[in-house]
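So, here's a batch of structures to check.
In the two complexes below, chain A is the common chain; its partner is chain B in one and chain C in the other.
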Partner chain A sequence: MSVEILKEKYRSKVGEVVLGATSEQGGTRTNTVTLGGESTLPFLHFEGEVPNKPVVAMEVWDKRPDTWNQLFENYYGDVYDDPAEWAKKCVNEYGAEVITLRLQSADPETTDASPEECAENVKKVLQAVGVPLIVLGCGNNEKDNQVMPKVGEAAEGENLLLGVAEQENYKAITSACMAHGHNIIAQSPIDINICKQLNILILEMSQALANKIVIDPTVAALGYGIEYSYSIMERARLGALQGDKMLAMPTIGNIGMEVWKTKEANISEEEQPGWGELEERGLLWEASTAMVYLQSGINLLVMRHPRAVEITKSHIEDLMKDNSY
Partner chain B sequence: MGLTGLEIYKHLPKTNCKECGSPTCLAFAMALAGGKASLDQCPYVSEEAKEALDSAAAPPIKLVKIGTGDNVVEIGDETELFRHDKKFFHPTGIAVQIKDTDDVAKEAEKFDQLEFERVGLELVTDMVAVINDSGDGSKFKEAVETVASKTNKAMVLVSEDVDAMSQALEAVADRNPLVYAATEDNYEKMTELAKSKECPLGVKGKDLNHLAELSQKITDLGYKELVLDSGARETSQVIADMTQMRRQAIKKKFRPFGFPTIAFTSKESPQEEILQAGAYVSKYASIVSLKASEKQQLLPLVSWRLNLFTDPQKPIQVEAGLYAVGEVNENSPVYVTTNFSLTYFIVQGEVENSRIPSYILCIDTGGISVLTAYADNKFDGEIIAKKMKENDLESKVNHKKIVIPGGVAVLKGSLEDESGWEVMVGPREAAGIPKFAKENFA
Partner chain C sequence: MIIIGERINGMFTDIKNAISNEDPAAVQEWAKKQKEGGARYLDINVGPGSANPKEAMKFLIEATQEVSDLPLCLDSTNYDVIEEGLKVCKNPAMINSVPAEPDKMDRVFSLAKEFDAEVIGLAKNQEGIPKDAESRMALAMELVATADAYGISADMLYIDPLVLPCNVAQDHGPEVFETLRQIKLVSDPPPKTVVGLSNISQGGIKNRELVNRTFAVMAMANGLDAAIADADDEELIAAVATARIILNMDIYCDSYIDVFKQQ
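Then we have the complex of A and B:
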């Protein structure tokens, strides 16, 4: 019996965004990374194109992360105080395809580093590794709005991905991206309408950012409302395929940051014997969260645990194999 | 899935003989569609029409039950491709494998301990798959008996050898296990065996086309308690096949695929298996069978299953009440929020981040968020004050200060009047809690 394969015909596809620039392109990256471009739902190679595999970025801070779980000492303890070495280790030893540098040192509540110091940290990391770079602020809007223009300027030509723009605070970072040719993360709080609205606002400021927006729809960790963000992302992707241009951007998720806040990734086996060994539980909590969002169409995953990164990358290789009939 | 009157009418004789009691065939068709008549009232309906109507009235994917008593696993009977369109109904069965060449008693005991408690819910691995790895019938039977004596969970018996399966079923047919699998080579005998023991039957094809053929042959033999396996073992192909089977069944009512499905992981490393299994849970597998057997490995998988199969229309709720975050004492701050799980977990996470042990008073708003609950009069001064009393806050802390979400700052006055406590207006977004806490409580 020959089964007639059912293929959906979508009207549109996800746009492509390129991160990084090589020396020919005016930067210093050894390679660039292209996100997006799918003309079907995740990994349905039999009915459409999935031209670029999802990419795993690893998270580096520009100051010792006191809030991270103790177990990360084993991997990063020797490089915590040097973001350049830390980034190098992620790329060379742990296979990071992109580095996410969080400028935590800028936090006015703690070290309050100046915008110039932050820009210097970005340059150090750019010199240390050849992969494209994502740069995130410390989370204090006022401060980030001073830092991002300096970072954008210092790294002109490198085609960074800068974040984050939010509905109530997008102008400074949009200007920085516009003026210095970087990509921008548009973050919305698990809400399709705000997601679209923010993209409209950014593009009203600058049409030049048309193929330079990456959506951060906000991800929840497994067990903490993940099904909600999963469905939002799935619906947004369907919208993109059906022709909604304001949803047709690649997506990013801060997996590591969300997961390593949870009880499941932090409570010891002694305290919770029913849950089994802590480190394997934590890293699987992180990799499983990544796995879930891969099925809803995520393009760029920001992660922390080296083994979680390793198995997620291997899972992506498996998902990228052709399954045409 | 119901048919419309007109769709039914097409299959009727259209003679308007009135013998069914309805004035016309069309009226009879309408009565049928409304469930007010039954097809056997028509003496002239053809066998073909009967079959067409019966099959059209059947659900797109059959419900199949495996196991007995409290441990029955119900699979299939799904109607959606996306959970946001309605919901997914029957959670994927997670079947941990035990080989008949393992230390079966030990493995079975360990399996039976696999129960987890998370956010007040009990999570379990609900199935055990016994594999005839030895190729020996009596050894398989012995293993199956041992497993049955150690756990009441639903069983999957894995052997393509009809004799071995027959021996195993002598021991455990009354447990209603899934007989896996009928193949090209054994399907006549395997079907007869499963049918005679009234046990559900796994059907393993070589690919989608072959599976459709085999499924048709087995239903032609009169057996419809089936669970399908396209035979694919590579992650990407399994996802494609599962997607096709679900689409064909739901969108085209393609009968050979109108049954629940089973997938087997192929990865050697248990950690990689968990990701593979999780992807299959996401993409339509009714049962996933895997080797991983440690608690810390299975907890993420059963948690994802729980999350995926929740009803998107019904927000998940946290049990209302007073929660302690960290080592609280009589000086600890008190926050108040709603019991919409997303809201609660975000607030809880940020309170943890503040590193100041605190209480969170979680108010039952029927699982809706702060602003929605406020608009719906489920989160006001009176209600919060009442819950403060019920949870005996006065004896828990020696201050009289409570923090309300910034979005409902307007409640400050009424809550102060109702409770007599000082009401502090917190940040609008939970992300502001650590800063707020530092400024006010550090």
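Then we have the complex of A and C:
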């Protein structure tokens, strides 16, 4: 008697979002990246389609990141003051598939760079690398709302991924994406209800953004509530597969930023001899966190440590091997 | 719960006039309005006393399909009319309806097989509508078993346990709910369930809309999958959307009522 393998059949699938545009498409990228499109839970190739592999982006700031752990000096110290060179190094030496440029220089509390200067930094990075670009603000809503329209305009045609839109502050960035044809990050604070509502609010402003939203459900680092983020992402993905169009978007997570805030990735071996060598501990913390989110269905990981990126990319390669039967 | 919009029915004057004047405007307006209201199927019924019901059915279907891609639920006791209708449907349709009577089941299940249509099966036969849940279940099982013999999977079948006005037959209410629960146990996959919602409030009942929507959410809690209902009744739709949240069928967000209407 033959054994029948039980397979779940879902009604719907995750939408696809394309980042970047080549010269034929009106941009200057050497390649584009497609996110999403799954018709099953993560990596169940035997059950449905996983047409696009998860992608690793690396984080670049447009000013020297004084808050980063000193160990990053060894990798980026020589390019900290030049975002274009920094981005180039991430792509050429460390295998970044997408660059995330954080416009930290705009922060009114510190350097308070003008929107025009920020837009100039975006253009420099676009010239330096051929991969698609994610551009994030400094985190000050008022300032970011001035910066993003300029960035959107300066990079028109490049099909950037701009972030972030939040429930209480989404109109300016949504307008910038609508006007200049960019993708948008919709960020919610580990809350599936707000996640869904924000997508609705953005789409009420513009149906043209229907295939241009990437969900940032907010990720927590390993040991800092990872199970909450995970369960929200799993529930959203199940909702998407069961036909909830307002949750059927690819997802992004700022893994590096969250991990390198934790004490496990920052306390020295001298202080905690039992914890082992700091750098190895930190990068494994980052890679492990990434692996957990891959199992939740994350599509785009923003990371920092080159070795963690390498481990994660190799793990993705293994996960993408066909296991259908 | 899936709403099958009830409004394209020749028993309403505007649709009756549309048929006699061959003017599709009113039909098309209701097709669009019901979809916006939250309907996911559109019931098509030529109404009583139509001179040429086959032509009227074709007219209503074609008028509707010009403006809507929703699947249609062809509503007639005359199976020749249904057959004519099925021939012009662009999408697989639903046949509304067949009682558990051998000759009628033979005709309808053969049509359903030929046109890949879903079928509403009524829990009644020549002897009428039974009162208790056990007798309703016996008829439901007859429908499921007969459909299976024609190669129609149980999940293509919507069993209507049949609802009577709550002032006439109050004792039927609990039996209907019991039937809705038990139907899910008869096969794997189980058949789906449907009711004609407004039947609960026919015959001079006060607060009709309140009675309809209260019945709707109670039936949903007992597993009801679909209802032929007024998609233009905003409070009904809001109650159904809310019940879906409470039953964990949809994920909550502040705009969940709008989302229900759109999806």
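FYI, the second predicted complex is superposed on the first by the 322 of 325 C-alpha atoms of A that agree within 3 Å, B and C clash if a C-alpha of one lies under 4 Å from a C-alpha of the other, contacts with A are read in each partner's own complex, and residues count from 1 in each chain.
The criterion applied here is as follows: contacts are C-beta pairs under 8 Å (C-beta built on N, C-alpha and C of every residue); 3 or more make two chains touch, one makes a residue touch a chain.
Being a predicted model, the structure only gives us computed values, none of them experimental.
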item: Chain B versus chain C as contact partner of A:319, first or second or both or neither; value: first
item: First, second, both or neither for A:197, with chain B first and chain C second; value: second
item: Chain B versus chain C as contact partner of A:235, first or second or both or neither; value: both
item: Partner chain(s) touched by A:183 [first = chain B, second = chain C, both, neither]; value: neither
item: Greater chain A contact set [chain C / chain B]; value: B
item: Which of chain B and chain C A:275 touches, first, second, both or neither; value: first
item: First (chain B), second (chain C), both or neither touched by A:243; value: second
item: Set of chain A residues, in rising order, touched by both chain B and chain C; value: 235
item: Interfacial residue positions of chain C with respect to chain A in the complex; value: 250-255, 258-259, 262-263
item: Sites on chain A touched by chain C in the complex; value: 192-197, 200, 235-236, 239, 243-247
item: Complex contact set, residues of chain B against chain A; value: 82-84, 115-119, 208-209, 212-213, 216, 234-237, 239-240, 243-244, 247-248, 251-252, 254, 256, 269, 271-272, 274-276, 278-279, 282-283, 294-297, 299-301, 303-304, 307-308, 310, 312, 316, 341-342, 345-346, 349, 352-353, 431, 435, 438
item: Chain B-facing residues of chain A, complex; value: 1-3, 5-6, 43-46, 67, 109, 139, 190, 220, 222-228, 230-231, 234-235, 238, 261-262, 264, 274-278, 280-281, 283-285, 287-288, 291-292, 294-295, 307, 311-312, 314-315, 318-323, 325
